[in-house]
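The structure appears below as structure tokens.
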Amino acid sequence: MISNFKKILAASVIAATFIANPVFAAEKVKIGVISILEGAFAALGKDGIRGAELAFIETGNKAAGKDVEIIVMSSDASPDSAVNAARKLIEKDKVDIIIGPLSGSEGIALRDLSKGYQGVTFINGSSAAQDTTFRDGSDNFFRFGGDGAQWMAGVGTYSYEKLGYKKVAVVAEDYSFPYTQVLGFMSEYCKAGGRVPNKFWTPIGTKDYSSIVYAIPDDVDAIFVALGGADAVNFLTQYNQAGGNKPIIGGTITIDQSILDSKGPFKKLLVGTPAGTPTVSDFEGKEWKEFSASYAKSFPDGLSAPSIFAHHYYMAGKAALLGLEKVNGDLSNNQKAFRAVLEKLEFVTPTGGTMRLDENRNGIIDSFVTEVFEREDGTFGNRVLKVIRNVNQTMGHDAAKFKALGPVSRDNPSCP
Amino acid sequence: MMDSQLLKIEKLNVFHGSSHTLQDIDVSMGNKPKAILGRNGMGKTTLCSALVGLTKMASGHVFLERHDISLFPPEQRAKAGIGYVPQGRRMFRSLSVLEHLKLVERKNTNWPIDRIFSIFPRLAERKSNMGDRLSGGEQQMLAISRALMLDPKLMIMDEPTEGLAPTIVDDVTELLLSLQAEGIGLLLVEQNISVALEAAEDILIMVNGRIINEVKADTLKDNPEMQQEYLGITFSD
Amino acid sequence: MKFFFIVFFNGLTLAALYFIAACGFTLIFGLMRTVNMAHGALLLLGAYVGYEVVEITGLWTVGIIAGGLTSAIVGAAIQAYILGRYQGDELRQTLITIAISIIMADLMLWAWGGLTYQISLPEMLLGGVRLPILNVGYSSVRLTLMAMAAVTGILLWLLIAKTKLGIIIRAGVDDREMLQALGFETKKIFVIVFAIGGMLTGMAGVITGSALSIAPGTDMQFLLSSLVVVIVGGMGSIGGAALGALLIGMAEQYGLAYAPTYGVVFTFVIMIAVLAIRPQGLLGRSEK
Amino acid sequence: MSVTNTPTSNDGDALSLQGVTRRFGSFVAVENFNMSIKTGERRAILGSNGAGKTTLFNLVTGDLALSAGNIKIEGVESSKLPTYKRIKSGIRRTYQHALLFDGLTVRETLFLSSVGIHNRWQSFLPIKKNNKYQAEAEMLAKKAGLFSLLDALVGNLSHGQKRQLEIGIALSGDPKIILFDEPAAGLSPAERPVLTELLLSLPKTISVILIEHDMDIALETSEIVSVMHNGKHLLERTPEEIVHSDIVRDIYVGKKQ
Amino acid sequence: MNRFIILLLIICSVLPVFAADFWLTQILSRSIILGVMALSLTFLTAYLGVVSFAQVTLAGIAGYTIAYFSANTAGIGAELPWVFAVLLALFFSTIAGALVGLIARQSVGIYSIMITLAISMAFFYFTRQNYSVFNGWTGFSGISAPSVMGLDLGAPVVFYYVCLFTGALATLFVVKFSSSPLGLSIQGVRDAARRVRAIGIPTSPVIVSAYAFSGLIAGMAGILNVWHQERVSSFSVGLGPTIDVLIISVIGGMRHPLGAFIGAITYVMIDTFAIDLISRDRFNTVIGLVLLLIVIAAPEGILGILKSVKERIKKIVLN
């Protein structure tokens, strides 16, 4: 029994060595994809992988006539695991390009790692921390998408002017991505004249929000909620059960498809909630309809519409393939030509806009103010209230001034 | 005349780590009570523990009424008819007196709780006391009752008079004699020579994990040299 | 001031949930000295099964029974086929249950995906009521939690204090060997205890999935909370679990209300403080 | 039964116990125990199992806390001192059930007790060869008859050898009082005279208290015998008196037939 | 055994000639680092007889110290010459170890597991929530191993030797320390704490110093870990790594310091390659099953298997 086990182990190790080091290296491009496939974010990570795969399916896993091999690695939402995954992809699997990661702190970690690997190009998945590209960026780290602040474009103004909310309380998870989302919301909202007297930063994974629910002052007009996954479900349920009746304004992941497809009664509470997002599940555009049809066809077990993660991993995959096509698969000379092409790359996104990068290699994006609605079949989605095209990372502010505001934190920005 | 064979132990060996605690123990007994005497640390308690199945036997056999119970776990040995009154009495400290009895109560036992209470009125008075809130004598009564209610064929008692006041020792000795009248076999381990001599007819002498001699109680009683040699007790009358 | 009392109430109701979730854990530890690190996984499993059954039958009570039974069967199987052989070897049992929890979590992710689930409550528990005096809305299901905790606690107490099985269990806690020598097959009893513990845990899972929600990671959260509750209160003591739950529930809610940044740290600081002074927990008995 | 021979405390005593009491819940294991031991005295304590003899030793060394009373060791008020500090006054003991370091060798065990007693245990540097505590360890091994087993693992020793090691440990440093808790338990008849020899050979600067069931050894090695029953100090007699005492016979081996 | 260890060291020293950077950095160096971390646990378990869940925390404290006193991208802390940073890191992890020991000194068995688990969780949540010193969720990144006289310690081959040296040093420390008077006292407490007191040695300081020493060893691993990962964050001190280190110790075997390293290399191999062998989605099941199998089949860990194999071979040879 024991010696058998040892044999298996030894055989596995030998096998692993061969699998990982193919004897004949064919003319092909290797792309590593890093996403979260375990723990609380596994559902989101899985959808990210679907998005990336969709991009490769479209070209039949080929770019510029070469085969494209995809190697998926899982992280567990920790920056450490993302770095380990990337190192394995680079050093063991010898990938040329890495797509990923999913979450904010992982993004910053890979950005830092990328500086030490000039021979590899990193294309961000869906991570959306501001500093990843805005401060201390890396030449070989690209983001064909926005940061969490860009995703909130238009919501502040819409809330103040259109909905007439003069005072808003914020309930958000206590880490960098929600900070960035709150910044995106508040930079507009405060400028328009709104006030945010209270910000409740809750530790991620909080189960019981009841004391937060009762701490929300009576005199606010609405609550801006930037919570994800189970946290959002718990907060909204408890708020409703306690008889709370303030309108909700949603952060991007609060109304994401991964939440709207959750199982249970709480979703009804979200109907009518306005939110900011670059990904609208029920977008009425030709490109989106094609995209979601192709998604549904390729992944029958997927969500009822592509999530923000599928959308962004798709764009990352697409950018990589288009870039490869343009340089004719030439990744020599530390991928210099390839990167030059990426910097200038423009393509039509699934939401019908034109994706292109700024000088920090961060996407200039289209963002949407949306609302949640119940579809005829009883499932939920979101639809567009307002389109804001060409949102850059400084959200239209002067770059130097914007930078001078300092990095986001619990207290920055502030307008009590 | 041959006794009907109640317990037979054949070449029983027990090791604790590298020390050979019990060495080739052979005992055979019928319904007449036997007592094991020996100094501290000679392996008497280990023998009891091995017989009830709580200590692993390295080799050898134990037969109860000619059935080999060597491979039985403790609970099956108990069901086969071995009652155990352990050294230190081992009361359950979170059980009351009544609960101790309820724990082992069965239908159709020869020893229903009523009978126990009539033999030990003291226990009836104390029935809601916790097991560890009893005097030594009361604990001993309870420990014996607990074993009796299983209708044992053989009682293994490990130092039942340890730490008891002299008057209580007399009571316990009485009780041991009455067990015999009920037809229950008794294997008694004792420090107290007089109790052993009074309750048992045959005495086994244990030294360093071996049974080195088997004598009649009367022989030992009248033989101070033998007492001195085996048990290290020096008295002159 | 009003807010202070509301938070107190929140702490009370959260404590009720923690208590319900920790009961199975403390029962299993109490008798068997097994630290069941798969406790969270059993809770989550019960919750998922409960969800499926409620979706099919529309009956919450059936869901809770189904969830309880599933975890009871799985728990009993774990004890009967794997853990039972290593009774008394605490570290090994801890590691085995860690391995089982890793496997179970991964298989549940496979079966139910990573989405968040919420179990539909019966009509009468939906929504909220207005609390007198404090004059705020309060969720009906949270109020019910307190009743559920009381019922669970009392039933468990009755089981342990008044039934024959309870007597056997307590005797086993005190002196397992002596119990064997009195003719009780402790192996079988342990399987039964694990089944009861699993049952309580599975039912707690359904309750959790209804009052809050469940998702991958809920298993670890409730394993940790149960550990803390039971350790602070004293392992194996029902009263201790109640006291521990109360302390932790309060700490968490007051922490969240008044010092959200370090609220979750408080919980563990309380645990450290209690253990440093009373290693066996507040109401725990010291091992000889 | 009354306590006889209440000793008067005397600062010259090696050990003095006054009103020593220990309760476990409602059970009184040792009750109002008075005793004083002169320097160089040899005393045996007799009593049936459960009489409280070992508990008394535990109280003297501080393994258990007193419920009432006080203890002076070599004139030092020790009632509240932790065990390791009482050791500094020169008291040593053996344990009834050998309490040894099964994972260490005989040499390491004796070395450790030597550095422990000389308060030199704090060093985290490896031991140098020919260190004086090493030398003491070897000397102790010789005394205990374990010299040939210096590098044997304690866990692998026989029962008798463990008893010898217990005594070796008790001899480390400069002992003033040694409490022997049933040193003969489990020894074979052949090993017993060796033990008796060893006890008799202890220098007269050392006081000895011996708990022993084996009356041969107890009576042969002691000058005075205390009888303990139900936690009480029942009487003090010379060995000769004990042999002829009916009371002792009654409580020790049961009533006379 | 000594000859075997020297042989092992020689083999390890020449490995860079054959191994690719990936194997050096991601497999070997990482194994040694995790091995040293596990060694700090193995030390406590083998010599003091307690299981501690706080070893990753102690390593993390050293790691955070290095991050705080080195150039990093978080913009927190002060840069110090690396020698000082290293000394401070070891100092803090040792002191923290002593503190853990002080808190847990009365606890044994399952209770020592629980109290150290509580300490590690408290520290984890604290680092996650505190931004002024620990930079919260994100933690520190951009930390690189120092250059010594122009030699970049972070270069794969150099770093491998640094790890190898540290691993050997830590093992040497453990072996030497265990035979010192204090080390013997620690083992005495494991076997019979009452007897230790009865030979004049107070047990609390002995227990505290055992934990402190384990903190020193864990700190060595923590420093290397930060240089290896080039980052440290709350995740580095979370429940996941804590359980990983326990798993490593157990699968390796706790009876001998080498067990920690054998466990570490096994774990790293499984962790790195399981995803290539099995369906990517289910590799956690595989890790769980392997752990279960080892815990059930080999109570003494892989070291135990090796030993029984060795004995069997001996028997065959002798026959």
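Some observations on this one:
Residue numbering begins at 1 within each chain, and the chains themselves are lettered A, B, C, D and E in the order written.
What we mean here is this: a contact is a pair of C-beta atoms (placed from the backbone, for glycine too) under 8 Å apart; a residue touches a chain by one contact, two chains touch by 3 or more.
As the structure is a computational prediction, the values presented were derived from the model and not from experiment.
Considering every other chain in turn, the ones in contact with both subunit A and subunit E prove to be C. Think of each touching pair as a link: the shortest run of links from subunit A to subunit B has 2 of them. By number of C-beta pairs in contact, the leading pair of chains is A-C. Of all chains, the one whose Cα centroid sits at the greatest distance from that of subunit C is D. Subunit B and subunit D have CA centres that are 31 Å apart. Centroids of subunit C and subunit D (each the mean of its C-alpha atoms) stand 50 Å apart. Chain centres here are Cα averages; for subunit B and subunit C they lie 43 Å apart. Centre-to-centre separation between subunit B and subunit E, using Cα means, comes to 53 Å. Among all residues of subunit A, those that touch two or more other chains are 38, 174, 203.
Residue positions of subunit E touching 2 or more other chains: 125, 129, 281, 284. Under the contact definition stated at the top, not a single residue of subunit B touches 2 or more other chains. Remark: the chains found to touch one another pair up as A-C, A-E, B-C, B-D, C-E, D-E.
Residues 3, 6-7, 10, 13-14, 17, 51, 55, 106, 109, 113-121, 127-128, 130, 136-142, 212-218, 221, 252-254, 256-257, 260-261, 263-264 of subunit C are the ones that touch subunit A when the two sit in their complex.
The residues of subunit D lying in touch with subunit E in their complex are 61-63, 82-84, 87-88, 92-93, 95, 99-104, 108, 111-113, 115-127, 169, 172-173. The touching residues of subunit C, when paired with subunit E in their complex, are 33, 35, 82, 89-92, 94-96, 98-103, 105-107, 110, 220, 224, 227-228, 231, 235, 261-262, 264-265, 268-269, 271-272, 275-276, 279-280, 287.
Of all residues in subunit E, only 176-177, 179-185, 187-188, 190-192, 194-203, 205-206, 209, 213 touch subunit D in the complex they form. Across the interface of their complex, subunit B is touched by residues 164, 167-168, 170-171, 173-175, 177-186 of subunit C.
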